[in-house]
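Shared chain: chain A. Partners: chain B in the first complex, chain C in the second.
Then we have the complex of A and B:
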């Protein structure tokens, strides 16, 4: 496997024009054979199902957001929601939590993937497998676990009251944004590690040996050799995590914090708890605009980067 | 490779363990330990008990587990059919059509799951199609959410497919339907099963859209876990969470066995 990885790296280095030329003749290379139906007809049934199950409901959300309860079409729901303190708070909380979590995940994921890939240790493969397993669990499990560790009657506080005899422990951050931040970093770091590990396995280790024998220290090798190679994977993983953090609901719901309101949480409470559908739809439209905009940007960037 | 001195290596590994164990291993172990404990408000849990598991695998909880399983299997099968079909159809299109299909089918990833739930709720709470209050509204939302992942993994696999095989089959006179059924689908089987596993795991753990939609007689396991922790029964919640994780892992292991057997062909 390492031989083929090296071979592909060599091939890539020798023929930098290989990738563009392949994509250029890709669509045309399919043999044109006579067909009874054009190929786009086959794409219609799945698109029709998707339209009915997803696009039409989404359009209704947009329509509902400009239709106040009194009837008619107006932008009043938007004006009301934008003016409300709750919405502004939720918007700022969502954005800074998502940005903070993404930065945390990138730093942590880069360090951990670096050790797994380049300072190999027995059991490193098992750790990589564990990361894959971790991805298949739902996010709220992390908050549930943190409740046991740092919750008001959890381990850490119990230990503190046992040792010091105080009435209550010092750990109350779980119901603040910091608890959400910790849970999000924990849960989403594997999403950064996986593309990074894939990118690192493609890296020609000979480059590291050469750099090392020329006298470069580990920090210099990381900065000059590994980091440039890892940038597309970091960008891809980071923007995916950013979008997922903006959309995260389970983690916030499970902390049970009244003062941490994110946009998805606001959609839920407006629609289900207050039955205020126009307002819920307005918040939903704002959330869609931010997430889809960022995700579109990520797809454009990652296509340019060739990842 | 990166660190050559012995001391440096040990220091790096120590830092790795210090970061990795508390952040990733401890949460899962804590849930496992808590599910077996009677009480836990000190350094260690007290009193091992399996009482919670007998509660977590009977009555309402058992029903929640079967609800989750039925939802996840149905949604995965539907999503795989829909996403796989779309991915195969997209592969035959020209560049612009392919981009359009990519954008349409990947959109559900970018839209927040809560909003997908809200959209389905708004659309199907009124005639002509009244799904609100039935299990189908939950299954519909799950299908929409996981279809994007099925589409992504199948279309990535289609892109990697060597066109030689189908060209050879077509050159030997096989009809397009036969090429699809006897050549392309068998070659795609490993990625189809891994996509199925991914869809299943996502649907098993789905909470956001489900919270918006679930009718009282169709509560999947994540909702049950939330209900338990919300009323303060953290330990019951932990036992339910272990049941959820175990079921997911067992199904994933079974699915990956199909994959390895298929790749031997």
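Then we have the complex of A and C:
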């Protein structure tokens, strides 16, 4: 008997033993499996909750943005908002603050993460853990802390007036865009450091040592070995910070910077202070569109970078 | 291929050849991991640092590379004191166990890395990269990324990268330990060929594998407990080890506790044996070292009778373990047609001139193999 013939014979011999569980329904046969619930049914509850808690209100915002006070459906609220100088200023301020903060966070976060990861110093691990804790702090806390230091009656100005006898100190930047920038960089830098520290922990230290033995100094090693490896983490952290800065409300509100109006602040003033809900919704939709657009861009870039 | 082009050239970018340790001690927080190492690697010599984990061999290599700062002593490269010099100014090539190729760079860019760091003229770089890759047979893979290469290929690229800068000293830190047995054997032959083609490059080869050390090295420095235990040619260390530790770590060894009975005679478990006794006085306790492949089956000089405790078939040989008055004796015998069974009585013998008398109590931290 050939091998294939033998296999066929074995298959025939085993077939009856295998079939009853699927086909027989009589006494003594294996019980039929209960019909399983279609998998899409399990997705219904979370989708329903998501739709009710998020998508429906979002849809209401979009609907309100195309519903002028006079009634009907119109894009006039968009035209009015886009034409207003307040909106254009807010958009400009929001974008430059977000971009500036992100760049600051990337530079500061990269340097700090480098030091923590590659320069052994006592308490280095404690600092790395503090970065994790820092992420859980509310943003207004940082602003409050900066107010204590650089506020009109803060420590820095108090020290200045005590030492010089002057009537007031020189530090008044906290209520300017620079104060918001400082607060955002201070608060969001750990959001860049966290993925960077994770990336650095995966980096083979052998690469740094070999690079050094090949004649590369510290700057070249950072530029040619560490930075390329850190790019995906930088992109991830930077995108996150950029989106968070675009939507940041608490920091801007707490600094009390009267001349600093960002899109979230504009939404607040239009909706709460002026009761102009269509305009507030238009600004909110623009804010959401920018955030989603940036997120989409990040996904495309990170996919191309292989991150 | 131009291996000569990769050899250190006077007046070129190459660092001088030869390594010298002078009383090098390395300690981490009071824990001495390398203790007063004195060792010289001659220009063009392959020196293997052989020892178990924690013996200090990698620390010694890292001291040459500049990654650890000696607490005492000096390191010289080509006669120049480099103890205080940072790693990137030492001009050495280094290959590590993990290969440490830069994953974001193509093979050719990995090899060019050191050349760019040394500010080699741009026009020279492609030629030098090709030469280095041809030397290790990887020129066809120049445009690939490291992730597209096998372990053995990555190892070759790592070697090419180290050689491209024409170093006078090449440091190899367990370079083959991540490879499987077959690849390792092939790479050993490749390294031996490279050494022949680059006769002026001093190579410091750290390994815990005695086969690698015996195959490749001109000399072997045996290390244990942060200290240099022995140093010599592979043949010297294998045939005439100076300590029990060396005898057991470089090859397999039977180590029998004996008492020197007189000139050319020792007593083992109350039995007289003939052995060279030049190094010990009568009455002294010592250890007699006999290599298993020099032990014969049946009656003969220095015959010892015991019972078989284990028989291992190893293809061309049988290894027979016997218990002789509570001491284990190994014999590597040409494949036996009728090997003895466990528990059978067996008589083994060895020639007096094949035995080496060692000072007792020199087994090292890991102990001597019985």
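Throughout what follows, the second predicted complex is superposed on the first by the 268 of 307 C-alpha atoms of A that agree within 3 Å, B and C clash if a C-alpha of one lies under 4 Å from a C-alpha of the other, contacts with A are read in each partner's own complex, and residues count from 1 in each chain.
Criterion: a residue touches a chain if its C-beta (ideal position, glycine included) is under 8 Å from a C-beta of that chain, and two chains touch if they have at least 3 such contacts.
The model shown is predicted, which means the values in this text are computed figures rather than measured ones.
Asks: Please tell me, clash or fit, for chain B and chain C sharing chain A in the overlay.
Replies: Here the two partners, once superposed via chain A, fit next to each other without clashing.
Asks: Examine A:137 and indicate which partner it touches, taking first as chain B and second as chain C; both and neither are also allowed.
Replies: first
Asks: With both complexes superposed on chain A, which partner does A:118 reach: first (chain B), second (chain C), both or neither?
Replies: Only chain B; A:118 stays clear of chain C.
Asks: After the superposition on A, what does A:228 contact: first (chain B), second (chain C), both or neither?
Replies: The second partner, chain C, only.
Asks: Which partner does A:57 contact after superposing on A: first (chain B), second (chain C), both, neither?
Replies: first
Asks: Using the superposition on chain A described above, determine whether A:291 touches chain B (first), chain C (second), both, or neither.
Replies: Only chain B; A:291 stays clear of chain C.
Asks: Comparing chain C with chain B, which touches more residues belonging to chain A?
Replies: B
Asks: For A:149, is the partner it touches chain B (first), chain C (second), both, or none of the two (neither)?
Replies: A:149: touches chain B, not chain C.
Asks: Please indicate which partner A:209 is in contact with in the superposed arrangement: first for chain B, second for chain C, both, or neither.
Replies: Touch partners of A:209: chain B and chain C.
Asks: In the overlaid three-chain picture, find the nearest pair of C-alpha atoms across chain B and chain C and give that distance in Å.
Replies: When the complexes share the chain A frame, the smallest chain B-chain C C-alpha distance is 6 Å.
Asks: Please report the chain A residues shared by its interface with chain B and its interface with chain C.
Replies: 209, 212
Asks: Residue numbers of chain A touching chain C in their complex, please.
Replies: Touch list, chain A to chain C: 204, 206-207, 209-217, 220, 224-225, 228-229.
Asks: Could you list, by residue number, the parts of chain C that touch chain A in their complex?
Replies: So the residues of chain C in touch with chain A come to 65-67, 86-104, 113-114, 117-118, 158, 161-162, 165, 171.
Asks: For the complex, give me every residue of chain A touching chain B.
Replies: Within the complex, chain A touches chain B at residues 27, 29-31, 33, 35, 39-40, 42-43, 45-47, 49-50, 53-58, 60-61, 64, 108, 111-112, 114-116, 118-121, 127, 130-131, 133-134, 136-142, 144-149, 151, 153-155, 157-159, 162, 185-186, 189-190, 205, 208-209, 212, 218, 221-222, 243, 246-247, 249-250, 253-254, 256, 263-264, 267-268, 271-272, 277, 280-281, 284, 287-288, 291-292, 294-296, 299.
Asks: In the complex of these two chains, what residues of chain B are touching chain A?
Replies: It comes out as residues 1-4, 8-9, 12-13, 15-16, 19-20, 23-28, 30-31, 34, 40-43, 82-83, 85-86, 88-90, 92-95, 97, 101, 104-116, 118-124, 140, 143-144, 147, 163, 167, 170, 176, 197-198, 201, 204-208, 211-212, 222, 225-226, 229-230, 234, 237-238, 241, 244-245, 248-249, 252.
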